[in-house]
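Residue numbering begins at 1 within each chain, and the chains themselves are lettered A, B, C, D, E and F in the order written.
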Amino acid sequence: MRPSHRQPDELRAVSLERAVVKYAEGSCFVKFGDTHVLVTATLEDRLPPWLKGQGRGWVTAEYGMLPRATSERTRRESSAGKQTGRTVEIQRLIGRSMRAVVDLEVLGERQITIDCDVIQADGGTRTASITGAWVALHDCLAWMKARDMLRNGDPLRDHVAAVSCGVHAGTAVLDLDYAEDSNADTDANFVLTGNGGIVEIQGTAEKVPFSEEQFMALLALARKGIGRLVELQKMAVM
Amino acid sequence: MRPSHRQPDELRAVSLERAVVKYAEGSCFVKFGDTHVLVTATLEDRLPPWLKGQGRGWVTAEYGMLPRATSERTRRESSAGKQTGRTVEIQRLIGRSMRAVVDLEVLGERQITIDCDVIQADGGTRTASITGAWVALHDCLAWMKARDMLRNGDPLRDHVAAVSCGVHAGTAVLDLDYAEDSNADTDANFVLTGNGGIVEIQGTAEKVPFSEEQFMALLALARKGIGRLVELQKMAVM
Amino acid sequence: MRPSHRQPDELRAVSLERAVVKYAEGSCFVKFGDTHVLVTATLEDRLPPWLKGQGRGWVTAEYGMLPRATSERTRRESSAGKQTGRTVEIQRLIGRSMRAVVDLEVLGERQITIDCDVIQADGGTRTASITGAWVALHDCLAWMKARDMLRNGDPLRDHVAAVSCGVHAGTAVLDLDYAEDSNADTDANFVLTGNGGIVEIQGTAEKVPFSEEQFMALLALARKGIGRLVELQKMAVM
Amino acid sequence: MRPSHRQPDELRAVSLERAVVKYAEGSCFVKFGDTHVLVTATLEDRLPPWLKGQGRGWVTAEYGMLPRATSERTRRESSAGKQTGRTVEIQRLIGRSMRAVVDLEVLGERQITIDCDVIQADGGTRTASITGAWVALHDCLAWMKARDMLRNGDPLRDHVAAVSCGVHAGTAVLDLDYAEDSNADTDANFVLTGNGGIVEIQGTAEKVPFSEEQFMALLALARKGIGRLVELQKMAVM
Amino acid sequence: MRPSHRQPDELRAVSLERAVVKYAEGSCFVKFGDTHVLVTATLEDRLPPWLKGQGRGWVTAEYGMLPRATSERTRRESSAGKQTGRTVEIQRLIGRSMRAVVDLEVLGERQITIDCDVIQADGGTRTASITGAWVALHDCLAWMKARDMLRNGDPLRDHVAAVSCGVHAGTAVLDLDYAEDSNADTDANFVLTGNGGIVEIQGTAEKVPFSEEQFMALLALARKGIGRLVELQKMAVM
Amino acid sequence: MRPSHRQPDELRAVSLERAVVKYAEGSCFVKFGDTHVLVTATLEDRLPPWLKGQGRGWVTAEYGMLPRATSERTRRESSAGKQTGRTVEIQRLIGRSMRAVVDLEVLGERQITIDCDVIQADGGTRTASITGAWVALHDCLAWMKARDMLRNGDPLRDHVAAVSCGVHAGTAVLDLDYAEDSNADTDANFVLTGNGGIVEIQGTAEKVPFSEEQFMALLALARKGIGRLVELQKMAVM
């Protein structure tokens, strides 16, 4: 039995609320159960120096956590003076995931920055961030389209969403919450597109190595969960 | 005429929502119009080194702004590696304001940290933060009381709230929003207690020095506005 | 009785010595009793990036304290790797105070940097810094005038000086030294112009909130003290 | 045809040289073709603060690259003042991989730090690091055994090694060098144990998402390559 | 002819003023011509961690320069967030020089910190700092003696002073000022004791390597100059 | 008797291996006994900002130590977030030493960066670095010559090498290893050219000041040792 009484292949209650802040070109407040993340997409007319003059745009991401998003207060990274390794890993993953479904040539020489700020954390903040980020990115591109800024077509080629799976108490389960995550033997994050293409797989044996069969079971669960998340994205932006 | 069509002595729509996050001992989502701040109060069993063993507690504050809380995206302080001078000024002000109404001996050897994170900024983020911080602090102390952790009585001696006033287009006005703030000749922040005691006054001539009469007019407006904010705090915690 | 045996409305011995270092365009060694600050004004042909090409100049300030300016040695900020919140607050105040009496259009596209370095601290380092900074700024502008660099007139519109006041042992007193400052119930800093205009008011209740009457008494003392400081500035630059 | 003329399932020339520096308790100079990494294992009688007094030890890793390990000189991280996100990601991966085959209770309250310094980089520095790190770790534990410091048995439960695979020019290939890596459509790193257990899988679609079939082909290649690497580890420590 | 019209073996006007600040246990305002350095010596009842419990004390030094000590304003190190290499080199040199004449066992388990802050720089700031530091150190030890804190005798074994020499326009000259220093072919700093013992020699060929004969000529000049500086130290502390 | 049983004027076994890494324009793996340093020379088409447009090039150096180059593991500077004072001192010394034998006008507007990374440290890392750096620099210039990039002649005017000398157990000895260095009364580093010109002398009394005679004895030893090192450089690049 899962601590949350969910079925092994059951997602937490997911909501994707759009246009939640006033200034951002796109935004989404995403909830995976008690994990709440505010995502904004910012359009800027600048590029990283190494990309200038190549006719292509860029999508990047930053990730943060409010100090009391967690059970114990976490030290503010701005006060510590640097981002932790975990923060850096997550924001690189979010950026790569978005770029996998954006045609950067079609976007043109602009940068979209996705900011994911965790308001409340109960496991799966990175997968919620990616799932919500797609909505914010979609709305940012819609904002551009409405202003006739995308004359070469739509740079958004597909959906992308993410979910974690793990082996908890001997059973492969979908969408781990914190109670499960901290006891899981194996923990994997999957990022898939709407078409079922794999964008990123990160599987880590927390205690004992896992087998190929276990891994395939997790991937099957992830396919199911991400299929549902993509449906929810479609409904959200309808 | 104010850009927002408010009367000179009219506050923006203010709301103080309690218990908005799951983990914090106290929390408040405060809105002054389009300025939205999430405030949490965290109780910890530790003290700054210089205060240890003196039988007194401490209340401190930290302040941050989400990158896209503003019209243009602001660089994340954790990525820049340090807090700006403005951030430091504001968080010191919030901390002093809370300590002015807390009896630190009665609190005992514990620290309460107030985190104010601006989700959306439209002027007056520091005054909204202080006003909401009192609610979060109140609830944190109530949480302690319910657990019999405050055996020497209630450390909270009074309300405290804050508002900005300024001279805009020749008229003294209450609770400046961003449109007014960026054009004001004079800008002052007032922190008062429920009893009308002055905790902090910060008046700054943005362009031309102001007169004592102008300053007194601003103080009168602030008294009126803070009186109303204290009423709203009372209703919120009822 | 004040620890220094001064009358409630009596300043410490103030001196404003000009041209104390060889390279700076303007400089002043200011003493408020045992508080000694070396102020220099540096003219540079550059501007902060956000001000370029607007036909206006800038006046900014930095503040520092020698490690043994204080009774106990303070850690060197360059060794700690960052400026404290207190330093940042003070240098922003000095900069705003100077800009309140300078016409930045008349100054033209140049920057004047005021450096205030505390050689010895006995309370009131920020007010002594502002009072001395006006002299250094005046001399820097005189240096420019002598080289025909100010063809649109004199950018200096007025004097500006500062003093602290507080309630010590129940009495409102002028120009607090360290012994008074560390015991004061209320502490306020006032920055006024030669014409009596208010540039900045910062009043803080250290322990208990203060009343409007107390505040008005402090302001009246400040007016008197700053009047005297402006006279001393006039004599200094005569 | 691969740029290096290797077969799709052919590793580069691999060498694992032991005891290459004088002071470290264990060390290995590992070469995967032109990728050369110096790995040392350091035993210390201290633990991270959060692990003290729990009867368990810790294995952690740090990773660095000499400035001219690369075709263009890279800025020294000590001079930049911080480690890049890539460095942080890699050193966390190495640490997790080692811990997957070490029984931390049996190790006892000590820390082993694995330092991986890239002398020359030609793709696959993280997989070479992990493969060599196992040898250095093995020798560090042998050093301890020789001094009778491991009285509860051998904490090393299995081999662990790593290799990258990718889809290059439409073909799944093993052990990508830089020329392949920079053109690969898909890039995955696999960390497996001697028994074939999966410790870590990281698969990333560089340009277009990949299919499950492609991923399984990469995993099959990785199994083959890591089997060979484990054989080489066995020969090295014989 | 030297730019200053001095004889080749002529020091600049040197003054060593004692007790120039109120709080420090020892202090000296040292002038070598237009080079002015404020030196303080601070006694503290703490030691660096690696020296604790060994029955010995420590003397260390820090060095800084006010931003406008120089012809062009230099960026404040506290604002830059770190000390330059030059600063670090100089403060290490000052510390070593003082320790060469102090018996650290006799001093006992305390630390004396020498702060050298350059008010105005015209070449030779490190040599002026060392020469003045001896006076501040002497007075700090006298302060301790007067409080009966030195029961094992006087830890100060000798004088120590420093001077620079260089080859300017083909001639070996003593005590280079900035005009000479920036054009010198060779530049050497000498730190000698009152007995003529060598504490530190740093000779650097700025453009072309120098010969042993040239170096011996510089050393002879330094001996003469330092002899004179030691006489001035003796007069200063008489 | 020296701990290593060497004669007082005997160098450790020295080797200078060229072309040890694949990418660098010049490289040298230098061994002074158990002190091993990898040196690379990197040619870049950029200059420090203050040197642009003057028709001259630049040679600079950076220095680092692998964490386990030492008997106890040293904290990685990239992880500490800054370079130590010792690192900064050494890299400045290496850079100055190379520039003393390079004609920067003949080099033209390019920068050569010398990276010295200590793989294993047993005393004398800075002198080994300088001696090896000359070889790497020589090969970098040869690389340029082979590509017809040095049309104004050879910028390399002479050899340069370095050695340490010290007074150990009352005897002046050449090329101190760690066991001697940590017990030496006096420690001096000498950098000389092939022609015997002095580039840099750094002599430091570790415990008691030393005499001119002692210093001359060290210089004589250094001459002998550096003569031998220059011969070895000549053989290496033959």
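Criterion: a contact is a pair of C-beta atoms (placed from the backbone, for glycine too) under 8 Å apart; a residue touches a chain by one contact, two chains touch by 3 or more.
All of these numbers come straight from a predicted model, not from anything done at the bench.
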Which neighbours do subunit B and subunit E have in common?
C
In contact with subunit C and with subunit E at once: which chains are those? Just list them.
none
Interface sides of subunit A and subunit D: same vs different residues, half threshold
same
Chain-centre distance (mean CA atoms) for subunit D and subunit E, in whole Å, is 51
Distance from the mean Cα position of subunit D to that of subunit C, given in whole angstrom
59
Separation of subunit B from subunit C, taking each centre as the mean of its C-alpha atoms, in whole Å
28
For subunit D, write out the residues touching at least two other chains, lowest number first.
81-82
Counting contacts the way the document defines them, list the chains around the ring, subunit E then subunit F and the rest.
E, F, D, A, B, C
Contact footprint of subunit A on subunit D as seen in their complex
82, 85, 88-89, 91-92, 96, 100, 158, 188, 192-193, 195-205, 208-212, 215, 219
Which residues of subunit D touch subunit F in their complex?
21-24, 27, 34, 38, 40, 42, 44, 62, 64, 66-71, 73, 76-83, 87, 113, 115, 117, 119-120, 122
